[in-house]
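These are the structures, in structure tokens.
After this come two complexes, each holding chain A, first together with chain B and then together with chain C.
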Partner chain A sequence: MNRVTQAQAPPAAGPVPAAAGGRRAVRRPRSAQWAAWAFLAPVTGYLLLFYAYPLYRNLELSLRDYTVRSFVQGDAPFIGFANYAEVLGDPAFGPALWHTLVFTLVSLTFQFTIGLALALFFVKNFRLSATLRALFLVPWLLPLIVSSSTWSWMLNSDSGVVNAFLALFGAGPVHWLTSPDWSLWSVIIANVWIGVPFNLVVLYSGLQAIDPVIHEAAALDGATGWQRFWRVTFPLLRPVSAVTLLLGLVYTLKVFDIIWIMTRGGPSGSSTTFATWSYRLGFGNLVPEFGPGAAVGNLLIVMALVFGLVYIRAQRRQIFS
Partner chain B sequence: MRAARGWWRTVIGLALTGVMLFPVYWMVNVSFTRDQDMRRSPPSLFPLNGTLEGYRAVIDQQSPYLGVSVVVGLGTVALTLLVAAPAAYSLAKLRPRGGGALGFVLLIAQMIPAIIMAMGFYAVYLNLGMLNTVPGLIVADSTLAVPFAVLVLTAFMSAIPDELTQAARVDGAGTLRTFWSIVVPVSRNSIITVSLFAFLWAWSDFVFASTLDGGGGLRPITLGIYHYIGNNNQQWNAVMATAVVASIPTAILLVIAQRYVAAGVTAGAVKN
Partner chain C sequence: MGSAARNRRAAGLGLAALTALGCLAACSSGGAPTGTSQAAGGGTHTIWDPYPQYDGDSAWAGLLKACGARAGVTVERTAYDTSDLTNKALLAAQQGNAPDVLIVDNPVVSTLAEAGVLTTTRENKLDTSAIAPNLLAAGQSGDDAYGVPIGANTLALYYNEEVLGKAGVDVASVKDWASLTEALKKVKAAGKKGITFSAIGTEEGSFQFLPWFWGAGAQLTKLDSPEGVAAVTLWTDWLKAGYAPNSVINNTQTTSWQEFATGDFAFAENGTWQLANAEKAGFDYGVIPIPGKDGGTAPAPTGGEFVGIPVQKDTARYATSQKLVACLTDTGNSLTTTTTLSYVAPTERVRSEQVAANPDLKVWVEAVKAAKGRTSDDLGTKYPKISEPMWAAVQAALSGSASPRQAMTDAQTAAANATQ
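This part shows the complex of A and B:
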């Protein structure tokens, strides 16, 4: 992890400077602590008001039986985990879970592999490489509505450029967005396109931090390019890869805009993930079901945490074994 | 021979970039395509009989949305900096007790899906009567940027030498004065970076806009595009022209802050 942080010049220190101040361990007087917290007061208030409170309301939504009327009046009865039970028993639950898993894992695999390949390509500096690397960031920086609507039109069954391209090879028109067999793959393709730049940038800075001397030594010992990658680069890159994948996981789990704009989770739920399901329940129908919607949302948070923990444990086992 | 090899890499690099940016090109191409050519098969690769009709539609129909988006973006930048800059100064230089815990909370906060925040905000705003208001949207959008801003600014401000702030202190400047006259000017670049990202995220936001601002007259451009797609499926040149216009902040960000963008991506993302 440190490797990446050191790779860029400006943010040399970590976010917890208290630990970094060991050089001068002078204990600050009490008044200094007051001043320090006075500067932290806005952000603390902000977090309580605009993070903690909405999250609390969200939790409350999931534990009460809200209707449109009781939503306004605020007198919805407390029903415990009934909303969660309803969601778990819903026939849409299984497919939504499966789509979330497929969407996340397939997206991550391709984003990471392509990102790493590109990072390896760009790490050898060549003419224009800095400019081209900057251009590669465009998909990641574009507003999601822009990328999603562009992909929608490109994947259009009749007039899309993708099908026109496939037709050159005699492949029949694929109903990307309108066929239940393809809709999930369509949103995955768009999501991979958006996520590659992030992987490229982070892995690139990780690669830059690897001392070229190590490669030269390996080359002198007769290692081929392939061996050098698998035996030297890849292991040294593992901490950075871990961070990239973990963040990619968290970001991918919560992807909503792309799927909603391209397919609205359809057709017939074939690209519905937890994020779009939650939105559909809360805002997508004429009669909103805030309780179950919030329940699905909270399940999504739990899922992110579980994934994170499983992942961190696996990572730790690898390091200590 | 070395130069020749370098050229090969440039050629491959250009090809890869071309493939990667093809959708962007396609967006521009379609935005200039005439209605009657839109359904042509195969679609023409260049806007040979180009039209500006799409852009005319943008100016006629989408201008108010663009205005709202600019206001929301600027408001988000102001709120974000107001909250994040003092906090970052404190975390970086004043060593508050419990600062590490706060940093951890911010890291977690960054990972909460916006869709879940949106539902909570909806419930809160409904009671406060803040649905469909610009300030409400600014507050919600700022939650996308504040944790990132604090983490990035803290990292940058930690790199300011202590001698500088101490010299100010010796000269009699208080904590506030040191912050305002020394730390803020020195951190100008990082503040610009954070502002650009905050603006871009607020500008790009769709989740909060569609949940908290779906019904009012003051809607941002993301909803403008979204309703375009829903309403007139035929006029794709207008949709894509709006998309091109909506991409302008991205272009500006890349042009004027190119070297900070990559730093921002990694600094915000990779922290331990």
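This part shows the complex of A and C:
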């Protein structure tokens, strides 16, 4: 409540000095309004042009029967939800959905847990901790094509360093990228590695925002380290955690480059997620299937939206509680 | 009042979620046409090619300039990445600003023809009489041809003389699948690696698999024929026996070549375009055609581009475009073009000139003669819908998730559904 009144205060204050200006006060609101619109125009135009229109076009693509011919002639017939029906009925749909869920949830769990553990470690501020923390950011700074190519070299069945290392312990070679049982896990491992720095940075700043006095008080009251974490740190970190997880979720759902570079979604679809499937339909073939490709893309958007709404609900409950 | 604040935040978050994902799918429609000033008119003709490796000072660019000068126009050339060019051409046609001359990979020709982007050779009066029919077929649909092959390349087997020598294999003994497998066995027994190829889950995988598929006598219209299954079984058995590395499942043709370049492999299936790299590899190599199942040369798929003339509103432009294409493809000039692009010429006469100049090319000329277009046999735009289940089946069999027979049966079902 408080916040809302504060937010409204500045606009209310606006007309006051204008009113003091006498005659011009009558005209002033109108020109102010024009100015407001003018200030708003760039961002509205930008949003319409770069977000609303592409989304609309994508929706339209998914509702029409686009062939290469009708794409060029621009006379694709409207076919309702036939593209969606085709996608849902495709034998690749079930596995792709499952892979998307597993990829997202497992990646998020590990990214968050490892990120939080590292954040707790670095918040202690020991010597060289800044340097070490900077090193942990490297995966984030590397272009995805570089890190994914490196991972695919390391995980190569025959000449990869990982299998060479396993061989030292007498373990047989694991076909990381070429076995249907392993390919999904390989891309998850790479994705976790890439996602940890983001979680580390956000959670670390969240931890710094917690007043050390609370920890001291808890310690004085006899709480053990474990209790302090679960009963003080974790609950106070909840808003930051929620944002981290939501952003992580949106990033992870749409991960494409890592999977495409490492496995192309294969072998035989064993690491195909909605993101790679959508790309394959739209661009991965000599004859593009824009309609079904756009349909899969829209399903992804809906999934992200649903999780976003769940988050907002959870937030609302938190405010009222 | 509290709810107003929350709603605003809700909208903001919803928007954030949308925008973060928006591009993934929406970008498919966002690739605006590139700003080549094609309508410049007067003395300018635009040419799009898939050879970004040749810059403005290259012999290829020089050739285009010279052809333009001969036709009396200035040539404005734009080079795109091959995989990018199809979509760029489709978008340009949609926007009504297609280039005057378009050079595209041969399996794409039927797609562009289907889209109504290309003129037929009957309309644009290009002369195709001297062109080898097996090359021309890739750009034919019904009675119409939609372009002229500028040159061709294909696949063959490179071998490492040193590795074969140590294993005691005489390369002349490799005549069919059985003798090739026997050679691989000897190589493995000598502690070296057998063969590398690319079975990646993209068009590249199908391209590399086709010589074996066709070499067994199989047809693309029936993937699960005994011949088709035999081809998948050959590869699968090589993997199981350790004659081929497991990494082939994920190999592109480039990574497969890198494996061969280590010097550990006896054979590598790769194309004409690696010849320059082969010289740099640092070991003695040779090339043999890919053997058919029971001997002979297996038909490999043709690679290489077609030159076509896209449909224009202003049909008066065709005359000059035709001069430009003729300049690149006429028998008299073809030697220059194919030498510049290091291709095998599409006509018999120029090929013999090429072999006379460089006897090493003989095996490639033979391979191109036996080669077959992927979109030939009137498959056209059906080919991609068959190719995708096929590469998936090869991957399934090689990775052990299905038996060769099962994989090909599934692929045939999928292909039949997609092409009906």
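Everything that follows uses one rule, which is that the second predicted complex is superposed on the first by the 274 of 321 C-alpha atoms of A that agree within 3 Å, B and C clash if a C-alpha of one lies under 4 Å from a C-alpha of the other, contacts with A are read in each partner's own complex, and residues count from 1 in each chain.
In this section, contacts are C-beta pairs under 8 Å (C-beta built on N, C-alpha and C of every residue); 3 or more make two chains touch, one makes a residue touch a chain.
Owing to the predicted nature of the structure, the values given are computational and were not obtained by experimental measurement.
In the superposition on chain A, A:Ile261 makes contact with chain B only, while chain C stays out of contact range. When the two complexes are overlaid on their common chain A, residue A:Leu55 makes contact with chain B and with chain C alike.
Of the two partner chains, chain B is the only one touched by A:Gln33; chain C is not.
Contact comparison for chain A: of chain B and chain C, B touches the greater number of residues. Of the two partner chains, chain C is the only one touched by A:Leu177; chain B is not.
Of the two partner chains placed around the shared chain by superposition, chain B is the only one that A:Val146 touches, whereas chain C remains out of contact. When the two complexes are overlaid on their common chain A, residue A:Ser157 makes contact with chain C while staying clear of chain B.
In the superposition on chain A, contact of A:Leu286 is made with chain C only, not with chain B.
Judged by the touch definition given at the top, the superposed model places A:Thr44 against chain B, while chain C stays out of reach. Legend: residue contacts after superposition of the two complexes on their common chain; A:Phe126 is shown touching chain B, with no touch to chain C. Looking at chain A, you'll find residues 1, 4-5, 7, 51, 54-55, 57-58, 61, 71-72, 74, 152, 158-159, 250, 253-254, 256, 275, 278, 282-283, 290, 293-294, 297-298, 300-301, 304 touch chain B in one structure and chain C in the other. Remark: chain A residues 1, 3-5, 7, 51, 54-55, 57-58, 61, 67-69, 71-74, 91, 152, 156-159, 173, 175, 177-180, 246, 250-251, 253-254, 256, 263-270, 275, 278, 282-288, 290, 293-294, 296-298, 300-301, 304-305, 307-309, 311-312, 315-316, 319 touch chain C in the complex. Put simply, chain C touches chain A in their complex at residues 1-2, 4-6, 9-10, 13-30, 83, 86-87, 90, 93-94, 107-108, 111-112, 114-117, 200-203, 245-247, 249-250, 259, 381, 383-385, 387-388, 392-393, 395-396, 398-402, 407, 414.
Contact residues of chain B toward chain A in the complex are 6-7, 9-10, 12-14, 16-17, 20-21, 23-24, 26-27, 30, 38-43, 82-84, 86-87, 89-97, 99-100, 102-103, 105-107, 109, 111-117, 119-124, 126-127, 139-140, 142-143, 146, 150-152, 154-156, 158-159, 162, 175, 179, 189-190, 200, 203-204, 206-207, 210-211, 214, 222, 225-226, 229, 236, 239-240, 243, 246-247, 250, 253-254, 258, 261-263, 265-267, 269-272. Interface residues of chain A facing chain B in the complex, by the touch rule stated above, are 1-2, 4-5, 7-21, 24, 28, 32-33, 35-37, 39-40, 42-44, 46-47, 50-51, 53-58, 60-61, 71-72, 74, 118, 121-122, 124, 126-129, 132-147, 149-154, 158-161, 164, 167, 193, 196, 198, 201-202, 205, 240, 243, 247, 250, 253-254, 256-257, 261, 275, 278-279, 282-283, 290, 293-294, 297-298, 300-301, 304.
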